[in-house]
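The two complexes that follow have subunit A in common; it is paired with subunit B in the first and with subunit C in the second.
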Partner chain A sequence: MTLAAGFLRGATSRLLPVSVPLRFFALAVLSQLGLWLTVFIYAEALTAFRGGLSPALGALHILTVGMLASTVIGASLQILPVATGKALPAVWPARLIFWLLLAGLGGFLGGVLGFRLLLFMAGGAALGLALLLFAMLIAANLWRPGAQRVAAAYAGAGLMALLATAALGVALALDFELGWIPSHARTALAHLVLGGYGFMGLTALGFSHVLVPMFALSKAPAARPAYLALAVALAGIVSGVAGALVDSTALLVAAAACGLVAVAVHLRLMRHSLQTGMRKRLGLSFVLVRGAWVALPLSLLTGGLVAVGWAGQRAGLLFGILLFGGWLQSFVTGTLQRILPMLVSMHMVAARKRKTWLEPHADRLLLVHAVAHGLALAALLIAALTGWSGAARAAGLVGSLGALAFVAFSADTAAGLLQNPPREG
Partner chain B sequence: MSTSHISQALHQDHEATVAFTERLETLLARHPRQPPDAADPLVAKLLRDLPAMLDTEISRHFDFEEAELFRHLAEAGEEDIGTHLSEEHDAMRPLGRRLIELIGPALVQGFDDAGWKEFRTVGAELCERMVMHVQKEEMVLLPLIETSLDAETDASLYADYMGNN
Partner chain C sequence: MSERRWQAADGLHLDVRGLPCPEPMVEILGAIDRGDAGQAFIVHIDQEPLMLYPKLEERGWTHELLGSAGSGAGVRLSLRYSGV
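Right after this comes the complex of A and B.
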């Protein structure tokens, strides 16, 4: 079977059982709800966050690990074998990764919210192991060049960043007990840059080269500027990590500048893709994606201003919200609401009647989510700027309502699989 | 730039289909519960255009692919893609036929609530399936034509397809 035919039949019968990517997406969708509930419950701790073992650290990792990393893993397991034309060697490691991720996240959160250091460290170690296993599973796949070389190159770079993120993360978790890291805060910033812009950021940019043309029905963006953007982004990430570790303002500013250049090239490619696409009616999903594209350069700009000390004391929190909430969370929810129905439809028996995402209640659920997501992020930004915990609590409440709507949409979409069981492999 | 004439012809069909699908989606999205006024010039035009579009896309395009194109791809060792896309054609044909059946009375006396509900359900499913189908053909089938068919076969298929006009 060729790659081309494999794309069409593989997703339904050959590459992965649908339950594998779906479980990661389910964790992501539920984590979004968990994130906003945590913000609601711990609003005071969140607005007062200045580092250390705090519920804010838990909220950040519900978002980064539970939602963002889980989505990246689910999407990578589904998309990369198609992109490279090489099936995963076995399915059980993917299932093991999920359970390790779930147990690790549970331990990590239990430790943070219950202030139980041993549980926190065990959770962190399990998360590190899950991410290491994922890196090993997917690395073999990336060695073989396929039709989607650009996406594979970004994913490969993201994978290297993931290994460094996980290593620093485990080291940071153990540091609470061992005290072996000279500067916990600087190392935490390096961990944040590697995870946010490296692992998750690069993977999101790379998958955009597959997903955006697919949704817009346009040709793949030009490869050469895409590689240029990757090289500049990598230079920025290396500079940012070095700047964080050695506390160099110049390196951090250079990192932000490189990031802005890479983003400018990327967004130009995406705009061309959308302009030349056959599909103009891209719906709410692309409202979120466009919002993410605004937040990404804003996060870099804010990061640069924080580095030179021009952004005020509270801007560090603002930077984190723009990076993880504005860019990554918006992008992930925007693409997930397109990927989920497509994934489900590809696994259904073709001839059977089924629900469609155009049904009125599905539209309404997505509208509720999109509006709530925007309002919650705005309230969170106000909370970050003013230190007013009431705004953070409102963000948690509104965000939870939106996340609930997204859970309902996802459950309704996935329910189609129960009505129309996947065909046998 | 595509060098295959048949690939270009199918791509042009896809452009027309997606543009029409978006018109239909817009109508369905604007009237989630109450039926639209079928006498409205824009609605009436869409309803009048729909059978012709379905005839072009579903009858001519699908039939050509199944009768000619997929056979040649199978001979070139690419049988699976034709099997998969044919299954999708089979799922869409009854939806198109049902829409045409519903349009006839609607053009004369407008939609009643039940008729609109069914039109909306069937139309939404057809739009969703059609867009995904076009995505697959654009991403996989058309590149495959470029690499699997020689120039002579391509020219012969193109002549057959245009002759069907």
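Right after this comes the complex of A and C.
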């Protein structure tokens, strides 16, 4: 073996077998379709949602676990080892996480949609186990000193929030049978804050410090304001969770205010990255990312107004749609349409196949998805504000068409691997 | 010449080790796009930059992996303009 080949093997060993991250991304892409189909089928139940075991709870977890968490896990398992230069200790835990996640989501949804409590609780427990295993697997990678400290700090904070989210989630699932939680609704709100702004939100913000400069070809954002934003965001999340658990309006408002400050600092850093980047035209993906950046502060503002009771009875749904659909789903689809081609390129380059692409292609499919995503969210917001289930059904239909286009785009991108399959390690 | 850039008998060297991702790629592409790199240069980098290669190809540059300067010293790449 030549010296160069030895180094090459070392560098590429940080790349997981491509089937590992791809299965998480496939689950995410298909979950988006499942989400909108659920919205279409259960439009009445969704607009009437006031908590409890209902299709709305199922739709929310198809989005949060099936799409968002799955993307975060797939991206973390692939990007962190490459970014930190430290390979995962083994590949089998990543595969186990996927199967636990899939089985857990299946059980959870089967339980929710079929009103089968035991299945629901078993699914919740499997999801908790999958997320715990993921946290353990990725934590060791983050402990490495050196490069990517900002992203690692955000991901580490996100992992802590993940553990708390999973623990509260399992407790909430068991509460349907045991009735051991004093206030299910308040605990559910704490679970929502930890999952939405904590695990998924902090991880999304942290990855932005790597991905946005990478897409725009700019220098990494300044570390000090990034740490400041993280500290303020953490204070907001702690305040929000405490406010939810003890039913304190003041703490919830303080949480929203902290969140707005953290977002302002973060968006300023992102704007600087985009303005100083070598690449100015970032395409449709950044239309979605910019939309997500608008929805994030709007969700915090709406959350604050809901806490003080100034937003009306239906604003709770509005808050949820802005947080999970507007911010997280838009951000994830915007970045995923760039990560997927990048992932395929990395594996084909590593396998010394022909030159590949880093940019998303199949533009028409992505345009259909972006337009449908925007229209579906707008219709869902109308449904939330008016309680009109017809708008929710239209959202489900249009969203499903967009999600189908995204499935086609993803399949088209992955087809590059099928034509030139890299060796699986 | 800065600490990260020096001229040697075998040509211009650019050291991007220790920079956070994606700055190594930004520094290398910046040197090419500004014309600082001339027709060829050698890059010292922490790990093989898989995401850089398609960007090099877009600009008509080829790469060759040279190996390492020593244990823990990362990877050396020879980059050369071959025409678009």
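The criterion applied here is as follows: the second predicted complex is superposed on the first by the 393 of 425 C-alpha atoms of A that agree within 3 Å, B and C clash if a C-alpha of one lies under 4 Å from a C-alpha of the other, contacts with A are read in each partner's own complex, and residues count from 1 in each chain.
As a working rule, a residue touches a chain if its C-beta (ideal position, glycine included) is under 8 Å from a C-beta of that chain, and two chains touch if they have at least 3 such contacts.
Just so you know, these numbers come straight off a predicted model, no measurement behind them.
Engineer: After the superposition on A, what does A:217 contact: first (subunit B), second (subunit C), both or neither?
Structural biologist: Both partners, subunit B and subunit C.
Engineer: What is the contact status of A:363 with respect to subunit B (first) and subunit C (second): first, second, both, or neither?
Structural biologist: In the superposed model, A:363 contacts subunit B only, not subunit C.
Engineer: In this superposed model, does subunit C or subunit B come into contact with more residues of subunit A?
Structural biologist: C
Engineer: State which residues of subunit A lie in both footprints, the one left by subunit B and the one left by subunit C.
Structural biologist: 2, 4, 7-8, 214, 217, 278, 342, 345, 350, 356-358
Engineer: Sort out for me which residues of subunit A touch subunit C in the complex.
Structural biologist: 2-4, 6-8, 10-12, 14-15, 82-83, 85, 146-150, 210, 213-214, 217-220, 278, 342, 345-346, 349-350, 355-358
Engineer: State the interface residues of subunit A toward subunit B in the complex, per the touch definition above.
Structural biologist: 1-2, 4-5, 7-9, 214-215, 217, 278-281, 341-342, 345, 350-351, 353-354, 356-360, 363
Engineer: Using the touch definition from the top, list the residues of subunit C that touch subunit A in their complex.
Structural biologist: Interface residues on subunit C, with respect to subunit A: 18-23, 25-26, 29-30, 33, 46-48, 50-51, 53-55, 57, 65-68, 75.
Engineer: Residue numbers of subunit B touching subunit A in their complex, please.
Structural biologist: Those residues of subunit B that touch subunit A are 14-15, 18-19, 22, 25-26, 28-29, 32-33, 77-81, 83-85, 87-88, 90-91, 121, 124-125, 127-129, 131-132, 134-136, 138-141, 143-144.
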